[in-house]
């Protein structure tokens, strides 16, 4: 496989290979490093971090579903200051390229988080998780509303300028994901991450109540892969120049290849890591073999290849 | 189990039990009657029928996905006249209660279809499949737009008055399904059917192109059940008086029970019938046993039971 | 559906025990205890097997042509199928051990049409497509027909031609693409693009083979009955996924379900060129 | 996570052959060839097993306490677990046959803390919760501690107390709710709500039992180490689903991961009443 060029780039950031972790599915890296060296994958995407420490939600926080799972963690985390000081520092020290995911409850919180990340050393990109409720707008999820989504990205862009690429993470729970994508790109997003989880619910038929303490949760895993492929395909078609970090149900190299063909230039592996903690590194190897077997000499040639014209 | 009251009603239509087929997953009944007598289930919901005969879309029309499938049939069917004359007549003759699903490409087509169904004998309700592209509005799916959805239901209501209940079938591919539900109920829908399939895509990694001839298709099966439960729960909470025909990934009586607890007063069994052609009758039995085991003496007491207050 | 064929009237759904499993070249030969199916199946019928248990992520049944049936016997009626491990579903089936049970629906689909009078028949199988042809050969021979068989595959291990089966045919020709068994080349090359002294052709195999045989049959004025293999979600006529464009007796092209209006079609009625499209003029074509 | 415990440094992921499976009352006793785990596991550690193959609809691993390990032997190191068939995942595991392989991650979690000096220890197991206590008993005995054990369950077939295991303890008390074995009642009734002549309690079982023991221990001024069982999506510290409210040494309540900061906690630090909530004052509680 020597000679195969597996590198990819998200705006000005280049990565040796396109396999990333998914935010919230790799904690902040340390735990995963027991299974493979983190510098072997493209980058670690950290758990979405907020301004303050967060306890997250009450348990039960998860339910297994057919080929997937629901989660409602509620962004448990140490807060940005402890994160930068301890977790990011650990990642940098261990040679992991790091994409920091930030989450806020207001436009100002996002802006403040971005400013702090900008000042930190060793950050490859910022992923802006706009699938959080906007407390200033009836708890409506930022990513489900064009205006809120735009305001967040504009504010983050103002905070970081062109120092670090900004990746806006989109929710599939919208009528028209392309219009949200266009809005956040116009607002300054350098790339898009998609898809976040779908809103779902499981009712426990013993207690006859919603199983999660939070009632609803986010659906992830192979079950949602067809939705991810569709969303990536639609957005890549509309915005072929915009880098897309694809995710949603990737369990094998073949699954990753599907998202790449649809238009993703990097792949985040999420729920699969719970099934198999070596999943990111295994998927990296499987994807490379597949691409070589299909005759690609460069990863980048495969990105969006399913869109090629018929002749 | 004698003494258990399994009956349910959708507006003025009452059914001996709440298990229905799902539109498009039981053809028009005849084929399924090889596996159980159709009069044993609540009703047969027929394949959405249009004004004219339809060839449907090119093949491949389906792909298996993790715990689900994609389909893009394109509403292949005989057209309303042949349907009423042959298929409906056959169902009536065989004692099957029938809910006729109609689909149109314009508001007028829906109205015309409804008029014809109103004139027919032996129809328990009309299910209005508004998950079709509106040719008069840039091919936007009716169910994804409040105005289009309302116009269709108003037109159908004008056509049938209060002679037959009208059930509006909703798409989950919207930012806010509750607002669409409120809109169609205000427009005259007597009940709601939910959920239709989610828009998805599979890319064939051999041909490196979308697998379906139509590129995108509808995702169904257990994979989507958490989305169905969530949507039914949200809508039942907002509109507790409105009958909901629940569907989406029901494979067992326990799954059906989940949808009932969320608020469905009838359950359509779709993709499961491909897995097991006896699924509707099996699920009916399993659901009845479960309800009895939980101490319910009437099915209707279980509808929406997950919403009960904590004390 | 208006004008639709009916489902096989003898269809049943049952849990069938795997009686035996044997490797035959690249294939697996499975014998299932399925008395109801064994009693009613006709040559050309198929069955549909579900994959895994209720917790399997693979929801759709896989279809297999019936190779042969033994209506009565120590296991009270058995059905045999020949399975090529291909993707995860068929591979799962080939991993079943004796005594395990499979959920089987069958017999499904229409059957090969058998002429009332003795004929000279050519039976052509591609790969595991030869499987349903041996029972057909037997039926034809009982009607005093003369049965020639030709089987083609990529390699010798993909030629399914069991000794028992060979007894039912008067002659057997084999072609492999790599020449590892019989003639080197395609099975259609065996008749030199012409059919002499043949009244009817029966064919089962890949679409390309069926299409080529239909053309050869048309040139020779010989009827070709083709067993097609379309991707099926249900196998029992419910879903409309398995359609292909077929001309009806009035010359109208319709999208017919291969699980219930087929899998056996008159080759000349199938619009081979148009598979994967809705050919212009198809009944109900929109726009 | 800031201030987080580290994953078990000896963790490995490997395909482990099932060496044997044996029914023990209501449970299944599985022996797995897992040399790396056998070498490093400490009493209280657990392992996580994936369910089915890549085509399974069940994505999440199931966790099982390690019953015992045999570091060297004919199979080069084995690990044993006791599985109660409950839902579809654990039932699938109990259906595995010898020679099949399981994908196992372990050893996971922290271990029971062993006092340096000899102590008088009471080990309390509820149902299959007794499984990890026998290896603990053995370790304690090697330190010249006195080990009493009490096991409770609903019925006799749910009392896991193998003869080999009993050898490691000085006394064994049994309680069943239906009285089918030992005393009738709960295991906690056995000490009459008081602990005499006990320095430390180790407990593994349902949350209710752990909570009751913690209260009894508090009254007696005796430390209770509890192995909790929270629903886990990953088992390795990645997902934050398995948390429960635990007070740290500074008195701050934090939502700690039971897979990596546990499963063994000091019972008096766990906020038993508040499980399933975020108790007021929890670090980072919002609103």
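Per-chain residue numbering starts at 1, and chain names A, B, C and D are given in the order in which the chains are listed.
The rule is simple: contacts are C-beta pairs under 8 Å (C-beta built on N, C-alpha and C of every residue); 3 or more make two chains touch, one makes a residue touch a chain.
Owing to the predicted nature of the structure, the values given are computational and were not obtained by experimental measurement.
Student: Write down the chain pair with more C-beta contact pairs when B-D is set against B-C.
Tutor: Most C-beta pairs in contact, of the two: B-C.
Student: Between chain B and chain D, what is the separation of their C-alpha centroids in Å?
Tutor: 47
Student: List the centre-to-centre spacing of chain A and chain B in whole Å, with centres computed as mean CA coordinates.
Tutor: Centres of chain A and chain B (C-alpha means) sit 34 Å apart.
Student: Quick one: chain C and chain D, Cα centre-to-centre, how many Å?
Tutor: It comes to 55 Å between the two C-alpha centres.
Student: CA centre of chain B versus CA centre of chain C: separation in Å?
Tutor: 35
Student: Which chain B residues sit where two or more other chains touch them?
Tutor: Expected reply: 66-68, 221-222.
Student: By residue number and range, which residues of chain D touch two or more other chains?
Tutor: 57-58, in rising order.
Student: Looking at which chains touch, is this a line, ring, star, complete or other?
Tutor: Topology of the interface graph: complete, with all chain pairs in contact.
Student: For a test of understanding, state which residues of chain D touch chain A in their complex under the given definition.
Tutor: Residues in contact with chain A: 1-4, 6-9, 11, 13, 50, 54, 57-61, 103, 105, 230-231, 233-234, 236-244, 254-255, 260, 275-278, 282-286.
Student: What residues on chain B touch chain D, complex-wise?
Tutor: 66-67, 222
Student: For chain D, which residues count as touching chain B in their complex?
Tutor: 57
Student: Mind pulling up the chain C residues that touch chain D in the complex?
Tutor: Within the complex, chain C contacts chain D at residues 52, 55-58, 88, 92.
Student: What does chain B use to touch chain C in their complex?
Tutor: Residue list for chain B touching chain C: 24-28, 30-32, 34-35, 47, 52-62, 64, 66-69, 71, 73-74, 76-79, 82-83, 85-87, 213, 221-222, 251-252, 271-278.
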